[in-house]
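First chain A sits with chain B, and in the next complex the same chain sits with chain C.
And now, the complex of A and B:
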């Protein structure tokens, strides 16, 4: 089993949920398929969906909801 | 009480603008900033800077407790809220006043009153300011709605009382459509919002956005004429002018007098803006709302009147009466402002934060660039994309457009994408030159993608 990463394509604020009172797009431990939405990044007040460019099992997020993020920073790890 | 020091509870170009105005009045400045803005121009310019929280605005610039803590810790006399963030937050104005400090703006009760859409419309009507024709509230049923439509004429909007943000709105153009749509709208509103209540409002087609700048000291109110802000994208103003084009002297005086009457009726104190929809076909204007703060586009008014609005609002807050009588406010020439945003107009206005690798700003008669940029500055991704405002003043509108075009060509911002190519295209647009625009014009024109061809010449300074 190798480890694969989901990285931020742009800097901003990372959100794990579509709205403050919604459940997260992906809970820790869930599987992720290619193209699944795993979060949102708010950059300059506009929101961009972050989709997985890889698929894998048992996702583990390295950031909390509403945390600042740099471009290229690892958002989550998956079992590839 | 005269203000000796003030805290700037904002960031970006307006923070820089406030520091300049304060300095011209001999006032000491303290810049409140998030961790992401430690290297900002405002922090560098201010006499003192104080960290108020992490980058996300909710935890810094929008955090009333954090801002108040900074105000108390630095011992300032006053707080300037700028625009956006907490500028029109009545609770914040109240917190500043309860701490024994001066809020540079109207008091909390005026912010609360004018910030409530329904209450503000009532204030406007009572002051004799025309509002968009429609029902005063919910209509009781289709008979009442039909009678109202007969009176105000088509097209009308049927709006769900419980809707908002553009949801639950239908536009109808004749009685056949009206008879069909009204019952549908009612049952849909009931299903969607659990409330079938409906409003009726007249649709003002091809409306322009015109707004009047006001200054009040609590006793007297003056206007500083009007601005034209019809070129908008996603309800954000893009290009603004002063004065509005093609207004007759009679319309201009009715418009500005209505704004003064409204402000006087609430004994307005500070700088404010009364916004209107203007129907160029009938020359009628209709109240939209009052903004109880300094606006982004205030420089165009400053350029045509010679009044320093930011200084004036600080002096009023410090207890001074208005320094200018109404008959001394005159329009000289024409001014235009272009909002330069960190967005790529060739890529659907994708945000473009990053490092400014080079900066060349044109200088010349009638030019002004209000900005937070300097060479090497990292534009953070956490806030809105406004980098600065290019402002050009000319003898007339034609001259102002020509000066703006030359200034935009000479402005070079390297390392990030900006909306300069959009403004160059607007400056060359014949409909803009003719004044044949309205609030939906720019989006319609952009849908034809006029900017993709011009994209290759995007700033390489």
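And now, the complex of A and C:
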């Protein structure tokens, strides 16, 4: 099975949850459909929803909640 | 002729070289954060250097063209596409009526500049077409562009030559870590000598809040201030001063914790001390910094600052010669 990647469209701070006390948008191991929100990136004083441009099974996130992220960095891997 | 905005990107605005002359009235200089890249894009399509183009930060827009024309994209490294086909950046590109200009993910730098032959022909406000969104001044209706907008384009000069390209040596790179040169003053006497030295030795990182008003940095040790008697009119925090003018490029450190370099859309005055000013030769570079970029501040003298300014002016002259 091939791996597909979800990449960050912009730099900033990556959040896996919509709010500090909420569950994550996607838990590790969940399936992801095209257009699903997988996280938020905070940059220039605003938050931007990051949607999946690919779909796949069993998501694995490569960075933690509230971690710094650069544009183009891989956020998560999926089994395509 | 108009350009239709299919997708504006994250934050894309009409900018030219700025609106000098009103800062003393609280109206910022605005204009492209990387003015060298803006000038290069304009020269490539046969425009005056001061014509208006688009500045897009981190994410490129998607634009449909109504007529055949010539475009150029400079600045950050972000793959350029016309109808899905990858095109070279820093190059005059022919685009046909009905074709769509779009972009892939940013790979280095932060801001691209898009010039179109004839320039974006929005009304001139206080001598400039630059957008100052907080003041709803200039640009396209005083705001960032939005989906569905139709951007008016001026009459082309006829000097655009498709395929013309900026030589590699004249494309500014985006090195990491970044060094920004600072001339200390006017309020550096407020911090201890040891603290000032540490400020110039430590590594800082661009904070995610950095924008057109100011570039904020964090990661270094908080500054230590010299004791003083609070002057009449100054706030009680040791970083406060009696209100003063803030130059473009000045570095304030509110509370002594996070330095902020004021940029094109900055406020013109206030009550925070300034440790120094980034030299003019390095201001364009700031516009290309992504959040989290490791940065060092290096201390220069006035002579070194003036020498750097001459070198920068010489590079611009080379660019003008190369694109004549």
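Keep this in mind: the second predicted complex is superposed on the first by the 80 of 80 C-alpha atoms of A that agree within 3 Å, B and C clash if a C-alpha of one lies under 4 Å from a C-alpha of the other, contacts with A are read in each partner's own complex, and residues count from 1 in each chain.
What we mean here is this: a contact is a pair of C-beta atoms (placed from the backbone, for glycine too) under 8 Å apart; a residue touches a chain by one contact, two chains touch by 3 or more.
Model, not experiment: these values are computed from the prediction.
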Touched partner set for A:12, first chain B, second chain C, both or neither: both
Partner chain(s) touched by A:43 [first = chain B, second = chain C, both, neither]: both
Partner touching more residues of chain A, whether chain B or chain C: C
Touching partner for A:24 - first (chain B), second (chain C), both, neither: neither
Chain B versus chain C as contact partner of A:66, first or second or both or neither: first
On chain A, positions contacted by chain B and by chain C: 10-13, 43-45, 68
Interfacial residue positions of chain C with respect to chain A in the complex: 10-11, 57-59, 105-107, 110, 205, 208-211, 290-292
Chain C contact footprint on chain A (complex, rising order): 7-13, 42-45, 48, 68-72
Complex contact set, residues of chain A against chain B: 10-13, 43-46, 66, 68
Contact set on chain B toward chain A in their complex: 36, 54-56, 58, 342-343, 351, 353, 381-385
